[in-house]
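Written below as structure tokens is the structure these notes are about.
Chain lettering (A, B, C and D) follows the sequence in which the chains are written, and residue indices restart at 1 in each chain.
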Amino acid sequence: MNSLKSKLYEIIFEADTKSGKWFDIILIVLILLSIIIVMMESDSRILSHAGTWITLIEWGVTILFTIEYLLRIWILEKPGKYIFSFYGIIDLLAILPSFIGLFFSGTQMLIVLRSLRLLRIFRVLKLTRYVKEATILWEALASGRNKIGVFLFVVLILITILGTIMYLIESPVNNGFRSIPESIYWAVVTLTTVGYGDIAPVTTLGKFVAGVIMITGYAIIAVPTGIVTSELAKEFTRKTPTNTQICSQCFKDNHEDDALYCKHCGGSLKNE
Amino acid sequence: MNSLKSKLYEIIFEADTKSGKWFDIILIVLILLSIIIVMMESDSRILSHAGTWITLIEWGVTILFTIEYLLRIWILEKPGKYIFSFYGIIDLLAILPSFIGLFFSGTQMLIVLRSLRLLRIFRVLKLTRYVKEATILWEALASGRNKIGVFLFVVLILITILGTIMYLIESPVNNGFRSIPESIYWAVVTLTTVGYGDIAPVTTLGKFVAGVIMITGYAIIAVPTGIVTSELAKEFTRKTPTNTQICSQCFKDNHEDDALYCKHCGGSLKNE
Amino acid sequence: MNSLKSKLYEIIFEADTKSGKWFDIILIVLILLSIIIVMMESDSRILSHAGTWITLIEWGVTILFTIEYLLRIWILEKPGKYIFSFYGIIDLLAILPSFIGLFFSGTQMLIVLRSLRLLRIFRVLKLTRYVKEATILWEALASGRNKIGVFLFVVLILITILGTIMYLIESPVNNGFRSIPESIYWAVVTLTTVGYGDIAPVTTLGKFVAGVIMITGYAIIAVPTGIVTSELAKEFTRKTPTNTQICSQCFKDNHEDDALYCKHCGGSLKNE
Amino acid sequence: MNSLKSKLYEIIFEADTKSGKWFDIILIVLILLSIIIVMMESDSRILSHAGTWITLIEWGVTILFTIEYLLRIWILEKPGKYIFSFYGIIDLLAILPSFIGLFFSGTQMLIVLRSLRLLRIFRVLKLTRYVKEATILWEALASGRNKIGVFLFVVLILITILGTIMYLIESPVNNGFRSIPESIYWAVVTLTTVGYGDIAPVTTLGKFVAGVIMITGYAIIAVPTGIVTSELAKEFTRKTPTNTQICSQCFKDNHEDDALYCKHCGGSLKNE
């Protein structure tokens, strides 16, 4: 019994063994399948054509997820920690809606519940822990966190003021600038250069101010890029050329990766 | 009396003590509340439903702001300097509109006046003086000021010429390019990649020229980013390797990592 | 015979001789001409006016391409390798449609087939092998491949979740958010700051969430730029300070500027 | 006579003397005024209200420009070189239209002619020769010219292929993708993230492909930014920290700007 448990533990919780890797891959495929099913269910045209197939696959995935969930609880010695963890709750939320759907029949309610299954996508993210690059990116963003925060705060103030100015200019003649919040929404759409065009200035003064805002936004968009680039450059230089080789004769470091001899004194670096 | 004044001074004007910090936090909350009220007032739908509540909160905030304003004047020995300072005028403009509103009743006029309260948002900015990151960002932008200015000037010339060319091409058939200023507005919207779509070329030649403008803009958008990134990188490297070495003779710091002698007095840094 | 073959080989397959360069230039012009013809053919207005000219030029180009294709096969000793290579198939696909068009007359089918000729544009790319800059850009992108991949993966997850959230908020009242896939399409359009405006939020909550998404996208757009810039900067610095020093003992180059001894064999670099 | 000529030469052609600077400033103001007049003339609403004023200012500016042009020719010993130079032709084109307008009365023709006056804006650019920053920016862009060129070439190929793919997918049902050139226009609008929305995919497959194009464009937009940033960073580091101070005792350089003593040997840097 215990050997079965420990074997299952290896498969489900570890990713180093061959069977563990296969389990991870199958899990990712199943999660992606379940997400595609949720997406297709939301489209009434697809639902009317392939409703039976969707129901079938949905229940197949739900049952497999339920087995996986129960196995995880059975294997672990202290299942409580898992059940109330972030991933534990997500795993439960991924299977509950289908069972609740058996008893209730409110459409809108069910769509919201089923959408919760999408959260399982985070599992895919967790399974990619072997990708080292993510760490570098994350550290760069984390170390630039404060600066990006300050920047976003300034942008928020700017957007509030610009939105109010445009509201004062445009609201008398333009239906799109009905209230300050809507004008702020317009300012966000404009400053981020998204520019839907659902709200656009119509007065000459409004167009002039909008033009000034856009050109300002042009310079502003440079700031987060500058922050992230600087942080990434720092992160890269810290990681990349650190060659730990030290010359055994002059004890100087900072040698290139392909160096065989010390560039300072000519001593051999081989016998390291 | 004086001890009360000095205690109030500590609370209102300083941020180091515990009560000073609490005062700052309450002030920020009140300012944000008053801004939300101004925003809600601008929306006629909200105003018709929750008008009484909005008036109530508005007067509550106004009274608290008035007390704060009078206290600031009373505490200071030379209140004139504060009253005519940037923040002093903003603080006054934040409370005046409500009192003026008692005597006047022109809607449009009142909205403009009430919007002035939004300017108090700058106080929040001032209260964040403890955020050191803002200084780094600001210095980077300030040192790149000239270059960004030159760049914006070139963009302005470009936009004028491009707008005129598109006016000549499109104006005969396209209502959106009625005049050169409107064509320049279109050029701004396009070159900044906002792209509302309220004005868009319809002739084949116009579309071709627009395409060339967009691809040009693609390369141009890189320039401010390049400037800010380079300045930020400089700023970071200047700040980062702050060597903790302090000269034992002149006690100045900020030495480079490879410095062996103090660059200020020539004293040796070795015996540290 | 053999001397004719080897001369033709020089002209068609090599770019170093004068006649080889001329052949390349004429080929590029012909390819661009054939592409312009395909484009004009797709426009029914142009087709109705200048149909005869287009057919004439089309057949002229097709015959020249056919001659070139047959020559390539005839010259090469082992033509099989060329015929089944990427460029061989493209060259065949560029001439086949015109001949197939003689027997079939389905309009839509023919357009698809003729569009295949556009693939010959890759030949132009191949002929620009003398541009060294492409290599640097390509290496920078290739070395940042993993990081950009991780980033795009995170963006995909983000887009899925944001699309679903907006679907839940907007679908009851907004026809543009009919299904989750369409909402995801909207999220892509918004997060990349394209912003067509064909789908836009109409509810207050939807606009608020959209605003948050845009400001997030503002910070996110910085990441790929940061990656590419850092990689390019690395690539440049690796290429730039190519010290012209060559070791007098092992004749290897690529030494650092401050190197005194060869890092490959330990020989002194001083006496250069 | 000669002394008058040489004095006028100083004023008109040189910018170092006080009167020369004033001449430059007045010229810039006049050029900007003439540009504003051209813009206002293009707007039929403004023209009908303030037509007389516009005509008056237009003739005033034209006469001043004519005097300036004639003076330039009179002063120079070899006026031919100026007359046929870039700026000479622009100066002539700026005054000719008004005189031609006396004899002709075709509206559209006159607008085109008058727009030529906008080209005088380049004079403003020339007068800003004292701005050193422009040189740095220009050199950075110039040294990255080849790389940006290669990049734009790849983007052009990409846009052609993407436009054709979207044409094949959308043209049967979408009026916006009538021909390949229009689809390519759409691809430019999308890839540069302008996104007017005048042409947008309507089929599910079209939306999917458009989404892939946008996310690709997301990564592509990073490349020119990366190029410019790297070049600017190189340009900055080359210009900025070059302190020409060399220690008089150990002859080492690369001292910081505020260094008073050599950081290598402690020798004084003052007596330089």
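A few comments on the model shown:
One rule holds in what follows: contacts are C-beta pairs under 8 Å (C-beta built on N, C-alpha and C of every residue); 3 or more make two chains touch, one makes a residue touch a chain.
In this text, all values refer to a predicted model and were calculated from it rather than measured experimentally.
Seen from the Cα centre of chain C, the chain whose own Cα centre is farthest off is B. Under half of the residue numbers at the chain C-chain D interface are used by both copies of the sequence.
Residue-number overlap of contact pairs with A-B passes half for only one option from B-C, B-D or A-D: B-D. Centre-to-centre separation of chain A and chain C, using mean CA positions: 28 Å.
Put simply, the C-alpha centre of chain A and that of chain D have 40 angstrom between them. For chain C, residues touching at least two other chains, in rising order: 181-182, 184, 193-197, 221, 225-227, 229, 233. The touching residues of chain C, when paired with chain D in their complex, are 35, 38-39, 42-44, 46, 108, 111-112, 115, 118-119, 121-122, 124-125, 128, 131, 133-134, 136-137, 140-141, 148, 152, 155-156, 181-182, 184-185, 188-189, 192-198, 221, 224-229, 231-233, 236, 240. Here chain D touches chain A in the complex through residues 193-197, 225, 229, going by the rule given at the top. Chain B contributes residues 146-147, 149-151, 153-154, 157, 160-161, 164, 167-168, 171-172, 178-182, 184, 190, 193-197, 200, 204, 207-208, 210-211, 214-215, 217-219, 221-223, 225-227, 229-230, 233-234, 255-256, 258-268 to its touches with chain D in the complex.
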